[in-house]
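Note that the chains take the letters A, B, C and D in the order they are written out, and that residue 1 is the start of every chain.
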Amino acid sequence: MTLRISMPGLNLKNPVMPASGCFGFGKEYSQFYDLNELGAIIIKAATKEPRYGNPTPRVAETASGMLNAIGLQNPGVQGIIEEELPFLQQFSTPVIANVAGSTIEEYVYVAKSFNETNGVQALELNISCPNVKEGGVQFGTDLQLAKEVTYKVKEVSRHPVYVKLSPNVTNIVEMARGVVDAGADGLSMINTLTGMQINLKMKRPIIANKTGGLSGPAIKPIAIRMIYEVKQAVDVPIIGMGGIETAEDVLEFLLVGANAVAVGTANFRNPLVCSEIIKELPHVLEMYGFSSVEEAIGKGHTHG
Amino acid sequence: MTLRISMPGLNLKNPVMPASGCFGFGKEYSQFYDLNELGAIIIKAATKEPRYGNPTPRVAETASGMLNAIGLQNPGVQGIIEEELPFLQQFSTPVIANVAGSTIEEYVYVAKSFNETNGVQALELNISCPNVKEGGVQFGTDLQLAKEVTYKVKEVSRHPVYVKLSPNVTNIVEMARGVVDAGADGLSMINTLTGMQINLKMKRPIIANKTGGLSGPAIKPIAIRMIYEVKQAVDVPIIGMGGIETAEDVLEFLLVGANAVAVGTANFRNPLVCSEIIKELPHVLEMYGFSSVEEAIGKGHTHG
Amino acid sequence: MMERQLLPIIKQSQIAYETFEIVFRTSLAQQLKPGQFVHIALPNHILRRPISVANVNPIENTFTIIFKIFGDGTKMLSTYQVGNTLDVILPCGSHYPIEDLHVRKALIVGGGVGVPPLYYLAKTLKEKGVDVTSILGFQGKEHVFYEEKFQQLGDTHIATNDGSYGVKGFVTDVIKQIEPEFDYYFSCGPTPMLQAVTNVMGDKQGFISLEERMGCGVGTCYACIVPLKSNPEKSLKICKDGPVFAANEVVLG
Amino acid sequence: MMERQLLPIIKQSQIAYETFEIVFRTSLAQQLKPGQFVHIALPNHILRRPISVANVNPIENTFTIIFKIFGDGTKMLSTYQVGNTLDVILPCGSHYPIEDLHVRKALIVGGGVGVPPLYYLAKTLKEKGVDVTSILGFQGKEHVFYEEKFQQLGDTHIATNDGSYGVKGFVTDVIKQIEPEFDYYFSCGPTPMLQAVTNVMGDKQGFISLEERMGCGVGTCYACIVPLKSNPEKSLKICKDGPVFAANEVVLG
């Protein structure tokens, strides 16, 4: 049973990685298990300057899900490179940097900054964060902007670029095709769906930002559908995510065509979740008749 | 404490009604409680001809939700008028007919057919059913088609028309504005989100139609967000739905601006859910400081 | 009239590999007929689980269900113990129309979790003086249940897929082998088995009981339809018109 | 080092209106310091619930939490009984830095569910020979808990919003009234109370403990930040840098 999987820039010992924003820069969860176990690590979004993010409350719990509106708080790309990446370099685990911004220039600046470090192996282009006023989600829901930012980042980056798609669109296939045409080496999907919850006592949205991004098992059927559709339309590897909690969930994503997966929200409830999934995955693959991760990819498409 | 609420064509004793497709034509659930208790009843979709719908399996369970791809099975508008509406006329409860079709002509035909009966008080224009190949969802995701079908139906119908919006769009406000401009008397939102679940044993989608519509508590935050946004943009009443299970959920929908609500999926687990919610609603309104349903509508918008 | 009731569990036991029996008490027990099912709600599951009535004790006002762990829901159901209660809708669906039939010799053909409803049926037939022959198929030896109970009602044959018990093979192999005499057959089990059985039976009169994923379980949602043989453009609802159908009434699979 | 442990409940009781006490056993009990919290997972809830450590018994290797029913999660928590286990992350967050302080007289100011962590703090201070005065605010008489336990540690004053017990009014009313002497104050409670308390205290040295809705509870998600007073463009994490802060360190509310 081999869990190995290769994608542009990434030679993974297994297909499981924590999702951006749900693992910080690794330090805290390294208290719970050895980060060498992970296939890769996607770190928290990086912007040009340090960002404070949104006012609190920033999270709310929903049925089988949660809302968040962190608002891209991060120490800025220089801060990340200098203060966070060194810690991660002690591990053999590839690091994927999540690149965010409010303007194309900012995305380009951040992507370029990561050229200067050996601490990251690939970029995840976050054109889909719904929690920032300016920029952010517009890039992920506007085909032309999405293509343009992808193209411009590809032009300057020495790293393979995985574009992270927003599910808040009418036509996910069109978006996927667009960014692949513009040069994306891979896709990462899905980011959160925009949602809201009301505090009945206060008679206003719980989240200070009003809306937040919905994640967790609640959105898994949407992620699965979108990956299924996109897989039939494009020919680049996909990092699948949205509600993964178990090794069975991972297999579901592999079957619809994800080449690797990211686990987000589930880390909060179970800080060991990635480690546990990785240990369980070989048994689950075997139980369903597969002898490698590779073999399972896209196998949910073969029937009429 | 008054639960009464008035909307075009509808004088409701309370704001709670079963959602289309989740209550058939009322007969079965009338075994569980008196349908006179309901604010209104939205009946299963009507098409011009009887429809067989999709192959089975047609439903699947997801985390806090379910997928369905019934495919608009119904006995056709004549069948409904002749065989189903007479049963409902014994109740004092207004009936809202759900109008579906594959072409604008079909929508117009069905809407017109309902002019001939006293058995319905309003139409819900289902431009958002994601489970039919032809027509259906395209109307709900294409602004021009949505406007056109609304306009054409308004032209012929003697009933007020509530257009049921699809959440599978990039910009829900644009769709809402469009159909209101085209003459919609009200909105009904949201229909289901397109999703998929894989049967790991069979290695194919559980639902024979592959994709199905996601409903239930999982989608409530998306419904709440969309109604909140749309309420600020248009000035027609909204029938809110998506994951309602309790009287507190109803209040949440009222606070973001729904004038009435529909309960779908929850009927399957608890056939008495609408009746129970209606009984509980006065207490919940009171607990949160309201003395009528009217008073609560939109009150979640007032804070900075 | 269907009702939703909160039913106490008065007996619970494991009767075979991953197979459990639960006995509930309810005022509606006497109304439950062979072939009908109950629709069980489980915490944190949006949909109910349909499970057949496997036996009724009209004196004690109890009924029995037998189920196998299949997925999440049945796994959770298997953890319920005496003293717990479950939210159940009952009675659901159609039943084997034995009052309206002149049966002298009945053939019962069941497979796996299709066996439970047939026990209640066989028992009721026997009480009416009908001669009952039962052919029951299971995956393997550890999966077999209720053999003795069926034997008390008449001639009983067991088949297992792996041959670890009884005849190796399918129920249809047993049918061909023993060539039973009967005027009606009654069958319940996985669709491939029902297809095989109805094929072997040809024009013989019989009734089958079907399964399908359900939404409401009461007839409102159109989740559980099966096409009519006479007109495949039309359909019946398994939860309301079924789960029992005349063998030649519907298109299988 | 934080750990995730499955902890047995060895005691459970209701101690006031909708207020419960649970005692857990864990190998980590001795590491829990006053002001720290534990992060508790509940079935079918995506997020954990942060609850303060209210007491530690280092000999028995147990610790106590006290919580009030606030919503779904705490309601479910209140149904847990002796013999049940809960999945808990511990120890979480910062503690009152009493080892590093020269305290002779401490003032404890707590409100509602802010009282529990202060009991463990007061007990620890007392053990170190510190003179403790406690001012505790509750909604009303039925909400009061741990009064006697605090009294055993020093002078204790109760205020209730409705005047049904002790002084009618807020903890700040009591502070103004009794003008307590102290070199450090320690406060925990709802944000409006903390604002009032820090206002009344002016330049006095003190420590406060904050609450915020949390995602991870361990410092990775940035859900629980609070702005720095010295530079409101920067922030600290309540779950990791807090929940205890120097009173003048952060911007409240």
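Simple rule for what comes next: a residue touches a chain if its C-beta (ideal position, glycine included) is under 8 Å from a C-beta of that chain, and two chains touch if they have at least 3 such contacts.
Molecules present, by chain and UniProt name: A, B = Dihydroorotate dehydrogenase; C, D = Dihydroorotate dehydrogenase B (NAD(+)), electron transfer subunit.
Since the model is a prediction, treat every value here as computed from it, not as a measurement.
Trainee: What shortest step count links subunit B and subunit D in the network of chain contacts?
Mentor: 2
Trainee: Show which chains lie in contact with subunit A and also with subunit D.
Mentor: Correct list: empty, since no chain touches both.
Trainee: For this structure, which two chains have more C-beta pairs in contact than any other pair?
Mentor: Pair with the most C-beta pairs in contact: A-B.
Trainee: Can you give the whole-Å distance between the Cα centres of subunit C and subunit D?
Mentor: 57
Trainee: In angstrom, rounded to a whole number, how far apart do the mean CA points of subunit A and subunit C lie?
Mentor: Centres of subunit A and subunit C (C-alpha means) sit 46 Å apart.
Trainee: Taking each chain's centre as its mean C-alpha position, how far apart are subunit A and subunit B in Å?
Mentor: Roughly 34 Å separates the two chain centres.
Trainee: State, to the nearest whole Å, the distance from the C-alpha centre of subunit B to the C-alpha centre of subunit C.
Mentor: Going by mean C-alpha positions, subunit B sits 36 Å from subunit C.
Trainee: Which residue numbers or ranges of subunit B touch two or more of the other chains?
Mentor: 62, 64-65, 216-217
Trainee: By the touch rule stated above, which residues of subunit C touch at least two different other chains?
Mentor: Only 44 qualify.
Trainee: Give the list of subunit B residues in touch with subunit C in this complex.
Mentor: So the residues of subunit B touching subunit C come out as 21-24, 27-29, 31-32, 44, 52-53, 56-62, 64-66, 68, 70, 73, 206, 216-217, 265, 267-272.
Trainee: Mind pulling up the subunit C residues that touch subunit B in the complex?
Mentor: Contacts found on subunit C: 1-4, 41, 44-48, 89, 212-227, 233-235, 240.
Trainee: If you look only at subunit B, which of its residues touch subunit A in the complex?
Mentor: Per the touch definition, subunit B meets subunit A at residues 62-65, 67, 141, 168-171, 193-198, 200-205, 210-211, 214, 216-222, 224-225, 228, 243, 248, 251-252, 255-256, 288, 299-300, 302-303.
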